[in-house]
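Encoded as structure tokens, here's the structure I'll be asking about.
Order as written gives the chain letters A, B, C and D; numbering starts at 1 within each chain.
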Amino acid sequence: MTHKIAILGASGYTGAELIRLLAGHPAYEIVALGAYSKAGQRMADVFPHLRHLDLPALVSFDQIDFGAIDLCFCALPHKTSQEVIRELPAGLKIVDLSADFRLRDPQAYETWYGNPHMAREMQREAVYGLTEFYRAEIAKARLVAGTGCNAATGQFALRPLISAGVIDLDDIILDLKCGVSGAGRSLKENLLHAELSEGTNAYAVGGTHRHLGEFDQEFSKLAGRDVKVQFTPHLIPANRGILATAYVKGDPQKIYNAFSEAYQSEPFLQVLPFGETPSTHHVRGSNFCHIGVTGERLTGRAIVVAALDNLTKGSSGQALQNANLMLGEEETSGLMGVPVFP
Amino acid sequence: MTHKIAILGASGYTGAELIRLLAGHPAYEIVALGAYSKAGQRMADVFPHLRHLDLPALVSFDQIDFGAIDLCFCALPHKTSQEVIRELPAGLKIVDLSADFRLRDPQAYETWYGNPHMAREMQREAVYGLTEFYRAEIAKARLVAGTGCNAATGQFALRPLISAGVIDLDDIILDLKCGVSGAGRSLKENLLHAELSEGTNAYAVGGTHRHLGEFDQEFSKLAGRDVKVQFTPHLIPANRGILATAYVKGDPQKIYNAFSEAYQSEPFLQVLPFGETPSTHHVRGSNFCHIGVTGERLTGRAIVVAALDNLTKGSSGQALQNANLMLGEEETSGLMGVPVFP
Amino acid sequence: MTHKIAILGASGYTGAELIRLLAGHPAYEIVALGAYSKAGQRMADVFPHLRHLDLPALVSFDQIDFGAIDLCFCALPHKTSQEVIRELPAGLKIVDLSADFRLRDPQAYETWYGNPHMAREMQREAVYGLTEFYRAEIAKARLVAGTGCNAATGQFALRPLISAGVIDLDDIILDLKCGVSGAGRSLKENLLHAELSEGTNAYAVGGTHRHLGEFDQEFSKLAGRDVKVQFTPHLIPANRGILATAYVKGDPQKIYNAFSEAYQSEPFLQVLPFGETPSTHHVRGSNFCHIGVTGERLTGRAIVVAALDNLTKGSSGQALQNANLMLGEEETSGLMGVPVFP
Amino acid sequence: MTHKIAILGASGYTGAELIRLLAGHPAYEIVALGAYSKAGQRMADVFPHLRHLDLPALVSFDQIDFGAIDLCFCALPHKTSQEVIRELPAGLKIVDLSADFRLRDPQAYETWYGNPHMAREMQREAVYGLTEFYRAEIAKARLVAGTGCNAATGQFALRPLISAGVIDLDDIILDLKCGVSGAGRSLKENLLHAELSEGTNAYAVGGTHRHLGEFDQEFSKLAGRDVKVQFTPHLIPANRGILATAYVKGDPQKIYNAFSEAYQSEPFLQVLPFGETPSTHHVRGSNFCHIGVTGERLTGRAIVVAALDNLTKGSSGQALQNANLMLGEEETSGLMGVPVFP
């Protein structure tokens, strides 16, 4: 049986990545592609790498017959997403890739995003889309909120440790190195090749990055108490990939065991042998996340490094993984593509 | 039915690319991976991006039972390849990715490669592996010689024009821009990141690049007379991708029509609308080749630009496409992966 | 004696490059920096790499006392430049880095730039700023028009050959590989890191690039007859650098001799030994241009490759070289900085 | 008066960087360039970007008349350096860029480098070359030991805080992002463009990097007690630049004040306004180090980010700064070159 799929916001990077993955999926058919300013254009012009695919043209949202759709991916900007989603048919299954439905608490949402939420009922109902930890809820959900790409990386590097109670919850530092596609196809000076290549810098320093809202919500829920991590992202001259270096306090071997146990049956979460460290090179274009644990010369400390592709496992691949669950398909279907190296 | 596959030279980039593609192929099983200096190592250590695959360890060639193999890919260095291949069982189907069996004329081989050929019978028998132009022969072949990656790009940009007689055969210039993975995983000073990134240079200037042997052989055969193109490759700071800019003399519209007709049924050769030019960004990691034709302000001249991924369509993807024909599989099987952008 | 310098358009890349070079010049003092939208900002915020310099803040042009200025660099967008320059005091020495005063013929200007020129008297008076070929005129000029960066590279690769009459004037092909900073600090999708890194493409194909106006003017003047070259630029993933590969017909040794003679006393134009080819890596951040000549296996053809840094020798370095002549300083003063490698 | 300079190990990146800087210095003359395997070659062939300079050819060390030399830079590999330096004339001033004389304690040296030191007298006598903190000693020294490039960056980010007693000495984390030229011009698989571009990874994780020997020595000396930091370097796809992100516990404002006071008269150490963060882009090719301090949402914590160019301020620029002091020249002479951006 073929499921009918729509993508709203198909002219951005996560939209294109969804199409790339869906093109290799045996059970899905893309029947509608929605966009704003690029409505009316052909995908071959917006994304020439999709030229060979037989895709519908980009249309404005009101031209889409949502009654004929089984599942809709929303790859829209934050805030726009909630405005659009609240108008979609009540029964439609939705995977949202924006930040709009990640936080359950309306106040937390307002604090991090600066405006009151405009679809609070749906905010309450939405399921957090970190597949490996919300499988059952996602399979039954109508609306799944894809996680932030940084938030996904940090959680893969920390959740098993918080659950297992093997680290000091008051002293967690997350230093992230992020590829540029996470910022989307937006025209900003700091995203120009001339400004970005051959160098690096920190941004959103000091606890101001919005993905902290997700860390706070998820880690506190997991620990049953307030957990606030320190999180500093850095922009590196690479298009894809996030490397999270987590500095934690605890016994390295217990920490390693917590990962081994938590992830032993996970198809996409690969735990490296103790003492090895992953690289974003080795997950590029794939839905895999590599995780390494090492000890430290200073007793009682460990370093956890996690690597994933922000557009795939951190966003569109995760979204497809969730859609697979929601539509009763094999969870890994369309997602086993091997990383592209070099 | 599953075909048993061996790869000799699995520790190089084309070997790894073969594994990436074969992992997504429904009808093939990799049963042996051969290597020299890295024999004894696990693929997860040699290429961590293949970590999640259940692959045989690297072994030396004498440990492989070739009687149990249906088809063997040889991704070995030039000259080594002929020494190895002449010792393989007579009935074994082989796709060779080296330069050793590309040239039919022993003298031409010696001129370009500097040594007498050591397996002349097989050299005579081998079929040139440019799939789109040798399909029937490849389907029946025992030994197929994969083309040079530059040679493939240049031929996709020129063969239909030579066949159709629409260009001046005595004035063809091929200016290529080549990603660095074409040089393999070899330790050379000029391949270091510090030497290569953020700049470009020509190399093998003046008609000395070995792929000219292929151009001479193929274009002359096609034209029924001697054809000698001028070919200058340039190294650009990119891992994958070759862009061929061909300067030809002829009527641009006739040139465009020659491509439209020749490639209209080709699944991997995509002809862009007249006046558009392709980019290597849009074929990365895929088996597609994009081709564009534009006119020139100077009457009677045209520019043809072709873009492909040297490791895929230029090498390992082409090899799999040939193997599909040799083993009676669908030609496109395992090769329809969408380019990875950005 | 210290000359007082103003820069209009100091918030762009060529403006910043001028400041970098002027900071190391013993005889110049920057007394005014003009900008449009960034007027009011400090240079340390606009270009943090200039943070340690004691620079005037950016101001709007009407805040500058041009009576106190000895020489004004205009690094403004095309068309804006002529509007601004025609209002400057009549006696002020000006080096313009835009395209506005490069073409002598009003009709040619209109053809290439699409609008009638708004300062025709000054257009007639302006001296073309290719220093090595217009020294005497530049020394006496009031208004010098900096060349296009592609135009400079192509001319360094061809002028001595046209002058010496050693090549076929009807069959010249210029294939350029251009770093991205030539496009300026402008917010365009194709200049984003995610769109540009790790790939290449041709642009302005078919004889449509505006720098052809300069080639036509200069080469025809030099030859005493119409000369029209074929010129195709390509964007490569590098911030600085242009590599021009020129395909010409003539005797390689005579061609080499023409360069040796023409450039033997030139401090910035370095002719490599016959058969060697230059690289943009080796001129980065400097005012040097490296030029190599090789023969071809096809008799009567040669390849000339020229490499320079588009922001330095191709633009701001050239501008300073011209200013030195105009102000009676040593021509090389402030310009002998060694290329930055790696 | 012109000082006569020799460079041993001139065929590596730090050697080339020394030549670049010395070429712009009014008081130095390079009279000898020593090398091992490349002895006999011309610098124009080893480093074509130095082509225009009138440099002596590379010679083996025994061909150098050290009696005619005023100061010798040693840019040799670790261990080789001590073997060479102990044989140099007793009165010769030496700036060593290797790791051999950085550690005062023979036991610490052996622990970190794995072999007993072969020139213990000189090890004891050598002065640590972090100019801003050892000026007086350096001015009088015969042998100055250039610091590790990571060690320099980390110390610029932490020394004033340890001296001022404003941070918790038992909880200091240094996360470094390092450009690839720090690894030198060595042929290693992980330094190839194809392996390195477009991705990042940690290395020497867990407290195993040799520069920790320098941190331990210097921070403990400064604090008057044992101080052991946690230090994790990461390789990023950039040729030049180190960004150090230091996570410290203390009052952000006091921390900022400690920097303001310590560095207020330093020409090369630029403290950014509170809350701003530096970028390696903005120090490229220069001897400047930019330092930023921000607070954290978690009370009592701060983040210090320092950026410098590993080849300049982290190595060859520092070496020249020290040589200036040793020879009685202005400390900043030849070092005020503006960073190259973009």
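Rule of thumb we're sticking to: contacts are C-beta pairs under 8 Å (C-beta built on N, C-alpha and C of every residue); 3 or more make two chains touch, one makes a residue touch a chain.
Remember, predicted model here, so these are calculated numbers, not experimental data.
A.B. asks: Going by the contact rule set out at the top, which chains touch both subunit A and subunit C?
C.D. replies: Chains in contact with subunit A as well as subunit C: B, D.
A.B. asks: So using the touch definition from the top, which pair is joined by more C-beta contacts, A-B or B-C?
C.D. replies: B-C is joined by more C-beta pairs in contact.
A.B. asks: Which whole number of Å gives the spacing of the CA centres of subunit A and subunit B?
C.D. replies: 36
A.B. asks: Roughly how far is subunit B from subunit D, going centre to centre by Cα mean, in whole Å?
C.D. replies: Distance between chain centres: 45 Å.
A.B. asks: When the centre of a chain is set as the mean of its C-alpha atoms, what distance in Å lies between subunit B and subunit C?
C.D. replies: About 39 Å, centre to centre.
A.B. asks: Two or more other chains touching the same residue: where does that happen in subunit D?
C.D. replies: 13, 181, 194-198, 237-240, 278-279, 281-282, 284, 342
A.B. asks: Using the touch definition up top, name the residues of subunit B that touch subunit A in the complex.
C.D. replies: Touching subunit A: residues 13, 16, 19-20, 23-24, 47-53, 181, 197-198, 239-240, 267, 270, 272, 278-279, 281-286, 288, 290, 336-342 of subunit B.
A.B. asks: Name, in rising order, each residue of subunit C that touches subunit A in their complex.
C.D. replies: It comes out as residues 13, 180-181, 185, 187-189, 191-198, 237-239.
A.B. asks: Across the complex, what residues on subunit C touch subunit B?
C.D. replies: Interface residues on subunit C, with respect to subunit B: 171, 173, 175, 177, 179, 194-203, 205-208, 212, 228, 230, 232, 234, 236-241, 243, 245, 247, 275, 277-282, 284, 294-298, 301, 303, 305, 307, 342.
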